[in-house]
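Common to both upcoming complexes is subunit A, partnered first by subunit B, then by subunit C.
Then we have the complex of A and B:
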């Protein structure tokens, strides 16, 4: 075999020239020996597939632009998912009045080219959405009617200082929803007016043209890192030692990692292997049975179950316009028939605490609104006997074969009830197991449901038009200030109700048709009212009402609680990651929300 | 006129057929991805529409339809709408016309899902890795496999007794199972080789010794995961071909005549090789698809994954670009082999000279 490896090396040599010449070259000072391990943080699970663009005005740019990341472009404020508080970044935390939400800009904020980051940049960023329908900020104008800037004098111990105060006027005519405005303040990343205005002019004033630019060569950013280089295998960020926040927010300290590398893997198993081998420091992917990896130095937020902070609810959305799902009794029977304990233990590796009925998480920020009495009275739990009883009472007869398998179901008129199917993307293993367990329970209780795993692309196409009986879904998974309102809105709102076949982006189960005789106007009223409430008692009351309606009507079947983002870290090369015992920052993977501050606190093992 | 040059005529007629095949393939490449029920815009909306209001989502969707040329525009470049206010979709035949026009200009278009990345860039960045991994593996696997197969047939005895079952075993093993087995054994249980990637995670591609050696080191497991199976398969084929040739009249006759053993071996090898040569051409065409599994098992860079993602996401321009590449390489490889066989196979050669097909 010796001559073989020699030949192989020759071939590699020849072909590597080709490969190198095809990689995007970025100016950088990296030595040929590679990035030093003790100064580099490896973080993965956010970028899948080739990086497409780093354009902050694109709808889905590559990591860490867009989305919720704060490493290159920053929002005005950030949300802390453990305290539920909105923390300042480019501006201080917002003040809310009846008709406005305002923030004061941090006067020390600077762009990477040294220019100050001011209210002009903020206004520019938002107003792009007014000028162009296709802009990522276009939707905000349903919620904001105007943005004005005042100058206020801030007197502190160090003397008087003039500050810019940005006032966002709530769009009372359209949506009148201060909660979403709060979301917007931490969702929208501010872009540099001076550089983008010029580029936009070059693009002939067309946003579509501007969106074709990749912004990958030394872009003007405000965050603590900037893009160094990228290929289809990884994205490399380098620390900006002149980041304004070091002085303004961190007592003149720098973030610990000089480089952040996001490797792009092609298979889920590789995250687990890389973490255990110490080639990856943080991963945001689903890794089953995480406790088995503890001996390799892999850990999570909690040391024990549920390991992660629950924040989202995967559920079966029900098409309430299709028979027999239009019958509330069938939906409630289904909810009683699902073995939630099996889902928790078998499908999601115990990463979910025991689930309670309703759409409100019984812990964390939402716990205030979750009422145990209501759940006791109206809620459901695994009880197959009860499921059978409901079906029987509603006039359905389940016909079983001799071997105990469900054959079909008849209704009161003696007609055969159509078999329902649960649409879910094929190959999403944790979702597949959840669906399998749910279907098994429902069939055992005499409800004729089958699994319907389809190609993901078909799944996405069927979702908005309501082409499903039941659909596995995880609506609005991000942890934002508007929870749990936004979850209710995504499942129950009939604000834009359309019949099956036309697209809806919320309430895809077509629950509560406004033109039907059973329309319950209270649902939409509550959804409209809750965002405007400021009194906590009133809010609790309204949420309780809404949750009771949900539990009675069951337009969807919540299955478990899962984290917003998985968060696993390896302590082989870096330590002092935020955990339950050391909760100085939320588990937001060191790159989004208030989680970014952990970059200043982690420590390199080699430096210890 | 061509009648006087039978070889040229053979090449030209063959070339004509290949061109026709090419046209059919290109048309299929265009229409097949569009026959499904799903469409790329829905998938994009699933990516960007989360949390958007129905109306906002609609505005966004129309912006994309316009950008990707999937709706009809009026003179002011606004979206043309039907009576009920819905955008008028561009009919497929018009899209096909645009596609053919772009192909002729050498423009493969822009990816939908990786917008605004050009399809050419996607292919250009990934294809060297695919070729670097697949081409040497296929060629070495083919050569080594055939030589060993011929030897096994000729020598028989212990060599064949040990070698043949091993080759059968290698050939029967699926690519992915063998790749995973190699990774489990040599990257996890006994970690002497890296588990994932085309080069070390802390490096960027440069023309340096560190990078090149890291690349070679990461090359070993993926290489063997394909090579051994491929060589095994070739060896089995070659062995039975040679055994068959050993029993033919010309070999017996040559032996009676007392022709030197090496000479007989050469005759035999040449004849037995012909079907194997066609197999080689086909496997070169399957390079891109075959690379996918290796890419997924080792997170190895390459075009397979790009093609898979494109197919899953109905990213028409990328699917078309990749399938065009596959079509061209399969056809070229086959064409070359066809011509080679014309020269190598005495029967075909005689046929050409005799003015046959």
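Then we have the complex of A and C:
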């Protein structure tokens, strides 16, 4: 038995000392077998669970396939959040008319097997969404009605050239939303028609069968890197020296890192330690108190507070179909019970400016639409007394134990109200702290809520089907010109309303059920109207209306303002990362949006 | 009585008990003298020790001293409860098996051996992680106790089997005393010192087990223990940011409690075991 105790003692000791020893390990040329440190960029924070598929047509492919990365598959254009301009990639920057948005394809674009990347691939990619309802591109057909290809002659100094012009027709009948069409051009990654069509035929023309393929053996890609190998610990990408963009966009220069390795860590503190040791070069994770890490060569965009560019709103999305969250009073009481100042100062290390009620950022391009009067009148702020009063007025009785802890809550009929749980990925320490502070406040105000930290993969699968009471999330975090409309749409749109259990890409809290008696058609009307408005006064008016409805109904609880993506880098092995003073690329971790171009500009310390 | 006097003459025992009861007293009475509040935020994250906050604050700006006092109480409670459960279960099964013999003994031995070869810490992790809702201190103690009783059972069984063959037991049987009476009146007194030592070690082991599972994030909900303080410190980079006050004090506390209990146990062994008696 003594041995047993000793063993346990040693376990604790080893766990504690483990961190100490990690911490004190001297940095040096940490190399992994076969990957020279000076040619390898370690980048992390995008893949949390085990990488299961690299299929660009599946629902949740692993890094760097999927939503926003352009290392393997590329979009037509990218948005540069620093300059506010849309930049060309596979195509040049878009031209917009009243009813169409068109781009001209880059004639030099090639697939990794040497075949040209043409409008046929673009059309194919989009049309998969038309053929199959379950395709990731299916939603685009609500927004575009047709895609046509013209040939235009481009005359420049080097002579005349025939270019393919792709015209996207805005779906006037359905959504009539040019903002989203612009986003779509950045969001949809073009897939190779010639290889996928063959695979689709092999799969018997069934998308569900095709989605089972992993695409992990030398896939045909267009981006500057391709998958070399992967395991549950890391994903390794190798540079493609024949990447078309080197010639077409970068004066025949190659990206600096030969390898990009994405290690898969389990919690935020691992990233922080790895960065400080120089084992990780870039991280998209939350790192608390970053100013204390400067001496270890860890830095970010700004050198001073708020350190990052705030652009998105992490929030607790509420499943409004579940009792008692279906009661607006409970949701409003929750919003009053959260100590937002504590969240800002404690959970996110002051990286967030003070938060105002509503879904509009009170700074930057959205500031125009944010109205202080409305917020004063309809908004909520931390006021636990008010939270208690609302609960009481709505007929709820909170029963506290003798030591002041909340035991349970009863409703007006005397029935026990179910305990609600906040689903949030385990290991995301900033979110965990935010949830903890929110839960602490709500429990103190007599609202029976608990933390429910779950594995990241489980978290992602619960989200679209609405399997949660409250869900911590950051809807549409990408900085795009469609903000704040797209944020409202992601939280409040009931256009595609489906009951719990079926997938919804937006409004996963199932707010504003169109078939219920409380349905408020004004929300969907405003969401439909805003994208078509060109007059700024009109737009301001519409956004104000929408924000007021949000503040009254509280379908979600905004907690802070955070950057699109955290962006920290270590200067131990690589230098010349984009920063406020050296803003040649936006802070996008070198793997998505316009941030990828920094791969060509960073320099290896060893090579200097 | 003589034994107790002998014990008190052992410096190891005196040191051990002084330290241990010192921590118990702190856990019991400190909340009366010190305003313990583990909810309220009193300052910025990781404020260093100072006049206002003797041991600084944690990552959520909560007073560390409060957390430690509360955590100490919880850890001792879990340790005691787990020790109690493991000792009582183990002793009862052990005595019964050892005394009764036959298929009952075989069965209990089989179960004990089965549990012995299963790595208990893994079982502990599995059970704790499967209980997502309402992991209270008592439940954690119950889980620890339920996985730790095997050692006590096995050790006590051997002892009671050897006592069984003594004359006075046979005499009691001849007198027509029932099994329960014999166990309670004739066997338990012989085993008492041994069982007490087992209890002390089970308590120490309970405190460590709690710290272990809390440290890996499977500890009790809604309360603070020394293990959960360490877990929070680890996850919120106390070490990276040089906030030693967030993890060194709980580590010291766990260490001294377990050392004190080990001291007590070793010194008792010296007194109770005739072969070790000086």
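Quick note on the criterion: the second predicted complex is superposed on the first by the 361 of 608 C-alpha atoms of A that agree within 3 Å, B and C clash if a C-alpha of one lies under 4 Å from a C-alpha of the other, contacts with A are read in each partner's own complex, and residues count from 1 in each chain.
The criterion applied here is as follows: a contact is a pair of C-beta atoms (placed from the backbone, for glycine too) under 8 Å apart; a residue touches a chain by one contact, two chains touch by 3 or more.
Here the structure is a predicted model, which is why all the values come from computation and not from measurement.
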* **Which of subunit B and subunit C A:440 touches, first, second, both or neither** => second
* Could you look at A:515 and tell me whether it touches subunit B, subunit C, both or neither (first, second, both, neither)? => neither
* Asked: Should A:267 be classified as contacting the first partner (subunit B), the second (subunit C), both, or neither?
  -> both
* Asked: Once the shared chain is lined up, is A:251 touching subunit B (first), subunit C (second), both, or neither of them?
  -> neither
* **Residue contacts with subunit A in the superposition, subunit B compared against subunit C** => B
* Once the structures are superposed on A, label A:151 by its partner contacts, choosing first (subunit B), second (subunit C), both or neither. => neither
* Asked: Do any residues of subunit A touch both subunit B and subunit C, and if so, which are they?
  -> 4, 8-9, 11-12, 15-16, 19-20, 23, 267, 273
* Structure fact -> Given the complex, residues on subunit A that touch subunit B span 4, 7-9, 11-13, 15-20, 22-24, 28, 30, 32-37, 40, 42, 49-50, 52-53, 55, 58-60, 133-134, 138-139, 142, 175, 208, 211-214, 229, 231-234, 236, 261, 263-267, 270, 273-274, 277, 279, 455-458, 460-461, 463-464, 476-478, 486, 490, 495-496, 498, 503-506
* Write out the stretch or stretches of subunit C touching subunit A in their complex. => 39, 41, 44-46, 59-61, 120-121, 132-133, 151, 155, 198, 201-202, 204-205, 208-209, 211-212, 215-217, 221-222, 230, 234-237, 239-242, 247, 251, 254, 258, 262, 265
* Structure fact -> Per the touch rule, the subunit B residues reaching subunit A in their complex are 36-39, 42-64, 66-67, 111, 113-117, 122, 124-126, 128-129, 131-132, 135-136, 140, 144, 187-188, 191, 195-212, 215-216, 219, 223, 295-297, 299-301, 305-306, 309, 312-314
* **Sites on subunit A touched by subunit C in the complex** => 1-2, 4-5, 8-9, 11-12, 15-16, 19-20, 23, 267-269, 272-273, 276, 287-289, 292-293, 339, 342, 345-347, 349, 405, 419, 426, 429, 432-433, 436-437, 440, 444, 450, 452
